[in-house]
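Can you read through this structure? Questions will come right after.
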């Protein structure tokens, strides 16, 4: 009963940017930032703000604004903002809406999450470029290539793991990928890989975390006799299934459902939850703090 | 928060049948039917029953049972059951689980419902044969044919409407289609067509019926300012959007959602609701009575 | 799958205010308002903003801010804000969080919505003063009075209707009531009454509007054979069940559910939906525009 | 999006019974049981059946049936059924619908679950007798007694624990209690106590089990940053929070929700989930097998 909401596909996109700020809470932040934007001729289209515990806490804001000739003026805007950022000890960034995120999707044999992302992308609902699909299996090559997307089959064995990752990183770097989506990629990625892309690797885990960490969560769920099953999209960190949760959802099940039924029902949850998480990420709606996410949606 | 549940894909399918009965309620129905089945060597695997108002009401039952050599023995079983059926004035039928329903999918330009059905079919989750896709537009020909499914482009204009329907019926009859799915087919089918396939045409209407009957339901929903939008799968009857409802679901929306957003959110509800309804239909889980459905799931 | 969120019960309440603004969209609104607040020493704790169609549209904002000695300084703040408001043609108001809304609850015989509001109020979850309960029946007098709340039994007949309303208005005015909650009050209030309290009368309708307007919605729902039933909280306008929708929710039902079951299931939806709507209203989270609500939550 | 469904309050109740059977699966069970009932003049009003894995598995059935002069004839019915039960190695029982379950509710300081049960009971939605409330605190004495229900304040300290339990058991036995509801009773009951009432103690745990077992689950949920919180009703077994799950539900939360907000939101889930579980239990809809529940609803 929730959905991702996209910022739309209007022509304004080329003059639109999204600003994300985290900093210690203090009076005057909104006033300073909005005055800065007004003085630079920008028009705030949407802003959403969150303060973590009123006093001595943290302040988070996401601002969407329009500015004529945004692309050329971005560098000046960023330079001019430096003093404001310094004054409030801000962690900040500005993203151009016109600069679409570049995605690499990792997949193994289960294809439902991949298919969903491709379908949403083709329907124009996923405002990003899917620049490659990487898999440890060759199965979906033809299907993926029919969308005009390069497919890299990189087998992974216990022995070839680090070699495979080196190849993956090479491809990712060459193509300027900025977001990696593990769309039911059944391999554990190494700490080195994870550290290279902090808060930029999104995984879908097929359980309602923190219940059923690790392998075979649907079997675990069946054995425990739960009445709802779920899926969790999260940023990948070094600890397995313990990264910041972006989105979760559940579906009702009953004693009648076999493990196979749970898997089938689960597929629908997984694809929807992952697609929402990816959508929020590519629209710069997510800030990470204290191993949790602030999602502005 | 609900799902369709399939009866599984076990090897038992070839010896399994589903019996559906409606009749006036009276003592002894379950006893008679189950004794009949036991005496014929059948084993009841699942049964679900419903009585509409205890006294002077209606009785509905769905029984799944296994029987060795089911296919050859079906005719005898049906012949032997006649006296029982007569005694209780039953409206009844027996379906072999091994005899998959034959589906024709009608579609216009919006492809999400079609894609969902094809995807579930390819994944083995839709236990039916999709024997053709009929469209008043040529757009999806290549895509559909890549699944090995014939695609018939039959344009429909005000003038050609009855001619087009004649052609559709011809194709349907030739191919032995038993279920027609209107997967966002944006043409109103004629009373003649509807009467030919009672309780065999499933439509997806993109609103929570009976709210927003007719055209542009998302625009209507936006104008009314509702906080949830929905979709409804129903059997088609002569009165527009007034047939027996099979399934409905909703998603939360807010003042922030434009009509385009509602459409995008709605697409996900529509495909899921339609797929559930089709799944229940092909597993013989639905009985129609008094313009309503009894769904055994 | 949604909840009301209260602004908490911290000690800060006495220095907190909520500002609500609607005006034609134009560059610089956020900057002007936030500069104004900063210059007056206020600290923005939370702000939420919404623009209806980027160009030539409407701008809505809700700002929670803290200011030392808020109560005494409010008049100056309001006076000083006038020029800003004028410049942007704002429709605006500032509410002190410490000034709790004063509620009158109207009820007939069904008590579940009243009980819910009383229970939440006693638990400290409803940050308002319930100053009276008015009923056309005497049934709940003892119960209500056990909470220390005055109960006024004002019978309503076809003949006494206008007289009864006059008495209601008298009580409301005397007690300084600012919000009227129709908690399953089974009388239609007159246009005169409605006009007197625009966007201040909240009604709970026991259907998913606009489906099943008018009387006996659960019976109507049963006859149509819907698979979900719902409830809708809305501001009362002169047209029956057509006012701005604040909140809606649904529950799944099936062919098994009698009209009585729908009523029982519905009771739970009604009380939850109404309590959410009241909660949002008393926290000044709702703006009305074009017969719809903008709900900042 | 689910609800408990009661079997209604018709006059038929006095002649209605519910039969629950578990046994190894074998052909002919339904036939034998339904023939038995037909031969004894009983009319099956509702039956629901479930087979765990088709071959060599378990068979479960719940049958509601009407029989004239049920109360007097029950002993004969039970005696006559013995041979059938023996033949199929059945674990079985027959409950008279007219013989309402006798409940003891245990509570500590949080009253929302208790209030919900009392409210449903007073509204006639909980078809049982609440024969006592036991608490380790005196707080709710007046409130509970206003419903005409005895309130026993039995303080529990580390030292007095076994003494307190002895007193509880004494009260329970004297009053012929058959079901114990731990409605946020914040004491761990002893193995001795648990063994005495197998599948007759229902607890509400304020998390989505198996996530957040043990103390302070809302704090744990907040620390993990989950996007949904839940509650679980289960039968109590010796292992903490590990008994057969009866019902679960969740609500959406966000980064904005403090631990206190989670508690407030959670209260609504807890009361609804517990009330559903109790309702199913008192209508004899639950069978326990392999530390899981089969819920016929």
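Per-chain residue numbering starts at 1, and chain names A, B, C and D are given in the order in which the chains are listed.
Heads up, the rule we're going with is that contacts are C-beta pairs under 8 Å (C-beta built on N, C-alpha and C of every residue); 3 or more make two chains touch, one makes a residue touch a chain.
Owing to the predicted nature of the structure, the values given are computational and were not obtained by experimental measurement.
Chains that count as touching both chain A and chain D, per the definition above, are B, C.
Annotation: the chain B:chain D pair of sequence copies touches via predominantly the same residues, more than half of the used numbers being shared. A rotation of 180 degrees, rounded to a multiple of 5, brings the CA atoms of chain C into register with those of chain D. Among the other chains, the CA centroid farthest from that of chain B is the one of C.
Annotation: 37 Å between the Cα-based centres of chain A and chain B. Residues of chain C in contact with at least two other chains: 1-2, 50, 250, 252, 256, 258. Contacts from chain B toward chain D in the complex involve residues 1-2, 10, 12, 27-32, 34-35, 37-39, 41-51, 54, 66. Within the complex formed with chain B, the chain C residues making contact are 1-2, 50, 208-212, 224-228, 230, 244-250, 252, 254-256, 258, 291-295.
Residues of chain D that touch chain C in their complex: 1-3, 5-6, 8, 112, 115, 119, 123, 125, 146, 250-253, 256-258, 260-261, 264-265, 267-268, 272.
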